[in-house]
Amino acid sequence: MDPASDSLFARLKATCAEDWAAYVDHGFVRQLADGSLPDACFRHYLAQDYLFLMHFSRAYALAVFKSERLEDMRQAAATLDALLNSEMSLHVAYCARWGLDEGQMAAVPEAEQNMAYTRFVLERGLSGDLLDLLAALAPCVVGYGEIGARLIEAPAARLDGNPYKDWIEVYGGAEYQEVAQGAVDQLDRVARQRIGEDPAASGRWQSLCTTFRSATRLEIGFWDMGLNPPD
Amino acid sequence: MDPASDSLFARLKATCAEDWAAYVDHGFVRQLADGSLPDACFRHYLAQDYLFLMHFSRAYALAVFKSERLEDMRQAAATLDALLNSEMSLHVAYCARWGLDEGQMAAVPEAEQNMAYTRFVLERGLSGDLLDLLAALAPCVVGYGEIGARLIEAPAARLDGNPYKDWIEVYGGAEYQEVAQGAVDQLDRVARQRIGEDPAASGRWQSLCTTFRSATRLEIGFWDMGLNPPD
Amino acid sequence: MDPASDSLFARLKATCAEDWAAYVDHGFVRQLADGSLPDACFRHYLAQDYLFLMHFSRAYALAVFKSERLEDMRQAAATLDALLNSEMSLHVAYCARWGLDEGQMAAVPEAEQNMAYTRFVLERGLSGDLLDLLAALAPCVVGYGEIGARLIEAPAARLDGNPYKDWIEVYGGAEYQEVAQGAVDQLDRVARQRIGEDPAASGRWQSLCTTFRSATRLEIGFWDMGLNPPD
Amino acid sequence: MDPASDSLFARLKATCAEDWAAYVDHGFVRQLADGSLPDACFRHYLAQDYLFLMHFSRAYALAVFKSERLEDMRQAAATLDALLNSEMSLHVAYCARWGLDEGQMAAVPEAEQNMAYTRFVLERGLSGDLLDLLAALAPCVVGYGEIGARLIEAPAARLDGNPYKDWIEVYGGAEYQEVAQGAVDQLDRVARQRIGEDPAASGRWQSLCTTFRSATRLEIGFWDMGLNPPD
């Protein structure tokens, strides 16, 4: 996906281009793309992602609570429902194919990078307003869309026989691309509500950039974690 | 509905029996039952209830955020979804038949009793834990079930030609009775998680009773409000 | 006190001039000014104000939590300290002279108008950001300064022999006027941080006005409550 | 300091004895004790600790907000005041002697381990109740007391000429020992309020243990961070 260059998302991304590149073009992502990622890394990532999804669901619930308009409540509630009732179930089914059952995943100790990221997002949402929360969520939601789109557009050869083909097809697929675009649009809409037409000219621009960049760096930390499974 | 007498709900109710009776057997309820409630009162109630449902949806979103277990997250998210996506739509459709459109309702100034109740519940949930939040929500969720069951069991004559028949059938109907029972069960389950087998013997019993009684009194205030529509 | 007319506070006040007048020139205030307020009303007000101060202290604690800058944290913490450690003690000492002891006040049932106001402020602070919280706090903090200044500038005759002279001198006095001015300044400073130079041109102006007006109306409700002591 | 063995603190500590030992007897602590810690490590620790203190202040503000009793509000507010108005100033003065000025420290990027720890504590406090928050704060507040007491009781030889003598004397000193004991007592008092006489027999014992152990592990991560200053 390729958000309009004047979207708030695109402008935030441009303020931390180097970090963003390090996230979407991370070694973990490259090894997913060419299928060379060790099994143990992917399984470690999947197990931590299960815990991550629980906390991300909580973050969307928080977004419902923090919404001032019914439209925003409903969009956040739809994401919450998708996370809790489809994505987590799909995740569990998918993980089963990688030899991980739900009980195991729920019992895995939460990695520090996972805690750092999820708690940062939740706390940002609680101490700030809905816009701060959405800015903290965007690198994940929209970034996975960008990663998926990139990988799926890569030469088809890489998908054939790639053990991570399914993963790539989920995030690169039309359904997820729509979710990511919805998040871009909501960020613009809520920015208009909470600041006005030109967020970058406002007093809180630096604060939003810091939130967005922090979340991007925490995504990098999450991939780093994936590359370092426990023995 | 008639929760088991050793449920936490039944025990909380027993500590404020007089307030509870004043709520479930309020003049507003009696006039609903015999159809004598003035139109203006019911319309005032409906318009305020629209705003109430928005804040109650937010309270269930908060319950998702505050849950420690996936099971509790899912139950609260299901209620949130029901509120935002069916109950509010039904409410809007129902109100249309009483001459109220959604734009009007969203623009109605929130009555003080409405603010007192909804903000009390939300704030209790934020300052306390999930159990405090559920104790603040219970008088509404379970109380409407009790009121509905009472009215529907009253002589059928009262339903025939009663302009409030639909309202009574919703809350007295099997579907809503199940929702109310689900709330009773969740209160017990979360009490076991957060206190143990005997909540009434615990140090926070008084605090839970105060929360429950306050919410019950705020329900009384809500009916009082209904009987006093603005000119 | 008379905040600069281009302060955010003055601009918010101007958007709800009628409500503001009904608050600062309320019957309760007039009767305080000429000393005609019945004892029972003042005692009822004092007892509820004790509970109010506890929740207002909590709101300032929340402002510390929600601050992004050390300067804002320190200003809110200073107010919290003043409320918890001087104002509440002064209040208790003052109330003792009116025949109310602290145990009695802590045991008084919280009036609905009190709950509506305090929980509205706390919840607004939790669902919004620091600026929303400060906008909800301003009508109380700054309004009492305006009321005190008005009453103290009224003909001195009204103070002689007025049983409410002390109350008037506290809020009209230099020390409290400084507190009120500090709140006006902080509102401007945080608005620059969170919106920019022209809050009234921003997308959230309506939301801030609604918060400010709601709090003003809840102040009116608090005075109404004072005039209606329980039997 | 040596909390009574039946205090909640002592019981929580006993459930994660191995993690606790790894925290209070960490390499960083040993090198502080014998003065062998490299300057660069200590400066890195100090700069991160400045940011840590800001978020810990916010956590105590949250404890004020979440308190149900005036006594608890006042104890948390006193800690907040001590942190914001003495400890941070002392920290700044102390850091100046190590060549770090406040502007530098405020501009240092927050280390991931720092974010993980502070946001975990804040989020735990927001999603849980006051007891959950205090359980998340205890390993830091009380643990530093234990570390200080251990180091100060070590042979005096280690203090003479030890560049970290001041640090050891602060946390081992009578004043800090009292703060730590106050935290132990408050944990017991709030546990009685929120659970009852026997927290370990309650349904939430596992949840409290998990919170306490997670915070202990995050303290270990903080020391690890200290030993790995950026180049």
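So that you can tell them apart, the chains are marked A, B, C and D in the order they are listed, and the count of residues begins at 1 in each.
In the analysis below, a contact is a pair of C-beta atoms (placed from the backbone, for glycine too) under 8 Å apart; a residue touches a chain by one contact, two chains touch by 3 or more.
Note that the coordinates shown come from a computational prediction; the quantities given were computed from them, not determined experimentally.
By that same contact rule, can you tell me which chains touch chain C and chain D alike?
Neighbours common to chain C and chain D are A, B.
Among the remaining chains, which ones contact both chain B and chain C?
A, D
With centres defined as the mean of C-alpha atoms, identify the chain lying farthest from chain B.
Relative to chain B, the chain with the farthest C-alpha centre is D.
For the Cα fit of chain A against chain B, please give the angle of the superposing rotation, nearest 5 degrees.
With C-alpha atoms aligned, the rotation comes to 180 degrees.
Need the CA-centroid distance for the pair chain A / chain B, whole Å please.
About 36 Å, centre to centre.
Could you grab the centroid distance between chain B and chain D? Build each centroid from C-alpha atoms only and quote it in angstrom.
The mean C-alpha positions of chain B and chain D differ by 43 Å.
If you average the CA atoms of chain A and of chain D, how many Å lie between those two points?
32
What parts of chain D, by residue number, touch at least two of the other chains?
Residue numbers touching two or more other chains: 58, 65, 122, 126-127.
Looking only at which chains touch which, which shape fits best: line, ring, star, complete or other?
Shape of the chain contacts: complete, all pairs touching.
For chain A, which residues count as touching chain C in their complex?
These residues of chain A touch chain C: 65-66, 68, 126-129, 132, 191-197, 201-204, 207.
Where on chain C does chain D make contact in their complex?
For chain C paired with chain D, touching residues are 54, 57-58, 61-62, 64-65, 67, 70, 73-74, 76-77, 80-81, 84-85, 88, 106, 122.
Which stretch or stretches of chain C touch chain B in the complex?
Residues 58, 110, 112-113, 115-116, 119-120, 122-123, 126-127, 214, 217-218, 221.
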